[in-house]
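Note that the chains are named A, B, C and D in the order they appear, and that numbering of residues resets to 1 at the start of each chain.
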């Protein structure tokens, strides 16, 4: 009834009477959530990139003769962490050597019989698994030799771990900073209305009633900020992806609409929550102070 | 005299009487300048990385016989954009082929006489120059053939251009956002003291006199923010570099103490300037409003 | 509501004795003038009743409320039963005169139609209906004071606390406001009024309590204004 | 400084005629009471003189200053020559009583030692020396008013504009303040004082200007308070 109507009217008034202040808060919120969203996208891209590079890491198992390729391939499929198995016959190996030597391939024709052994190229789910998979392969009697870029696998595993940790760190920093900045902004904006809070309490308003418009305002601003940031990030990232596609077709950015939508929703939920908590904490303090008798 | 003393005392009062507010502004400033500094470092690293990868791009010029290597090398040195020239004799070319073929090098012994031609490996200052340098080399009568990773050179040139543009864009966004956030924060904090401004003007203070403490406060906060951010970035980057060195020794981050110092000084100068401009703009508006008679 | 103050002493921070061993009982429905020099403790006494100030020593009870221990919610309920005219008005500068008055009723959840009616009525009574759409900074000192009075009486309080309600009013308007306070008092509301207005105190004789340096120095049934503090 | 107001009309926003065709000349050194009901335009008239308000029509000159056209710097110089007691005090709440007074001298660049001396002197005169370290929210209404008075007179102004300077004072303190204003007037300062204090006006007879609904309805050499506005 009266109360409800009043709270809505007052929230509206807080937002639009001091619209300059609201706009500033909104802008700050957008900037801050933009930072959070960008960090999240950065993290997604890092992980995506690492995953893609990992998927290109191969373990090469040289098999004694071509007839055994099938057996080894079957066994290899059962090793945990093996994502793909590809046959390389003796003929294919020769073809590859020729392309590798480029213009000087004619030199190889002197070789006569093909001396290259058949092999299996085994793709891995994660780079760290390379040594253990290699060990298992080497243990098979049909396998002659196992070669993999040990250094590269190691490097990749480290990069992966480092990238995950680093982007997590950036994200945590961004979230903390955003909550603090938003809290501060709302606190300063409530600070300029502390007299009002005092008067409301003096004429018999309950603390909840006094806090409600401020909290609603905080939630709306948080939501608005998150929404603005989501739209900006959505548009900006779309442009970035298109720009990269046009100029750097060999680079692939992370692009999963459902994931991006989820990111937007998380941002929105986070915005509302941060707006709510920070405005509540800010206004609650002033209320407590105003109620404390001298 | 009196005036000067008053301005200092009042600045001090503004900073410490409302120390909560000052702290909040300071914190926001630190966060914002941290963002700017990080973007700048990101840009420096991108350019550094691109420059390093570019320096690894080689143009291979196959020379008719080893005796002509010297002549070609001398001419190549004169081509603009050529950074280094390295001889590869026939013997060295054979060695390389052997290591490339790994365990199967024994196959090459069948070749008997060494069929590989001598060549020059030419390093470039910038990847975009590869095609023009290749053309000039090919025009020389002593040169048989020129090979370079055309696709790679092209890619690198694009990556370089894109990275520069993108990190510039990020930096501009960061600087704009920082100025706006700082301006808003200072404006909100002045907003809560607008009565004070009005009273000062009513008792005969000149606009400059009224503005001075606020502007000084803004400058000090901007400076403090930039200083805090510089220290944080300095420490954080140091830690990052060390972390990367320990876990990813093959990755090299940009590390030039004089450049980093310059970045810190630029940040500091920027902080003071932004604090000055934004507080001046903010307080000037209130003064103008307070002076306007009804 | 009746007011029962017993043995109250109030010390402010450094070492200011604002009130010293005050005993006062105001029965329901009484009208009491609180007089005394500036700084004698009148506002402090009224603030004890609105619970803006807690006594350093002693007890205060108003109606069935004991002001010593009180939850935030009970305090809100208690203050709804109170009408307060503050010495410095405490109007909200960004609300219109009318909104400043309606606000008190909104706060306690009165339905909109009734808010409108009662607000209009009281604005008429203090002669501010024509100025209802102006905001406090656009009103003269006396007009602001009348809005503060309207706000205090609009919720038909059981106890009205008025701190210098005629300080910015001319003699004629002051008398009109006095009539208003008396008529509210006649309907059963207890009224405590701190005032320096010699003319009103002497013209409308009521119980007078005089404070001097925080002590009660006079308590007359139908007293006059003249202060005998330090003369 | 003398004040010359001719043909001044002031219209506030919607359509409020605060002043209508006012002519007034106050010679240097005169003491003038401005009386009238609440809302009759007294504060508006004083605000024209402090240049917080510009006339819709007409001319105002004070001393050698023409208030129509004035740079921000000249305005500051002019206001330094003015002492103003605001109806709502306009004290800075975060400064102590003493700092509120000293502030006016700091602003105009008086050397620290002199600031200290003059501030102490004037605080003694208004009886606020003992309370000098309290901040306005810790002072009683009358004490705040006396600080406002001290601030207005500390820079020995050529023209003193006092808007209801005794609204929160008891009769005795009001008389003391009146003595202070008269002694400042005796030293050559022109004084304009808007007041509702019938007692003072009748006791200390001076020139009286009565406003009614924005018009000058009375201008007596040694007048009394009684308003004949709408009776």
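Quick notes on this structure:
Everything below uses one rule, namely that contacts are C-beta pairs under 8 Å (C-beta built on N, C-alpha and C of every residue); 3 or more make two chains touch, one makes a residue touch a chain.
None of the values given here were measured: they were computed from a predicted structure.
Chains touching both chain C and chain D: none. The chain with its C-alpha centre at the largest distance from the centre of chain C is B.
The distance from the centre of chain A to the centre of chain C, with each centre set as the mean of the Cα atoms, comes to 61 Å. Between the Cα centres of chain B and chain C there is a gap of 66 Å. We define each chain's centre as the mean of its Cα atoms; on that basis chain A and chain B are separated by 24 Å.
For chain D, residues that reach two or more other chains under the stated contact definition are 12. Counting partner chains per residue, chain B has no residue touching two or more of them.
Taken as a graph of touching chains, this assembly is arranged as a ring, one closed cycle with exactly two partners per chain. The chain pairs satisfying the stated touch condition come to A-B, A-C, B-D, C-D. The touching residues of chain C, counted against chain A in their complex, run 12, 47, 50-54, 72-73, 75-82, 84, 86, 90-92, 94, 103-112, 115, 151, 155. Residues 1-3, 5-6, 13, 17, 195-196, 198-207, 209, 291, 293-294 of chain B are the ones that touch chain D when the two sit in their complex. Taken in their complex, chain B has these residues touching chain A: 21, 24, 27-28, 31, 35, 97, 100-104, 107, 110-111, 115-116, 145, 147, 155, 158-159, 161-162, 166, 177, 180-181, 184-185, 187-189, 191-192, 240, 243-244, 247-248, 250-251.
Residues 12-14, 35-39, 42-43, 87-88, 131, 133, 138, 140-143, 145-146, 163-164, 167-174, 196, 198-199, 225, 227, 229, 231 of chain D are the ones touching chain C in the complex.
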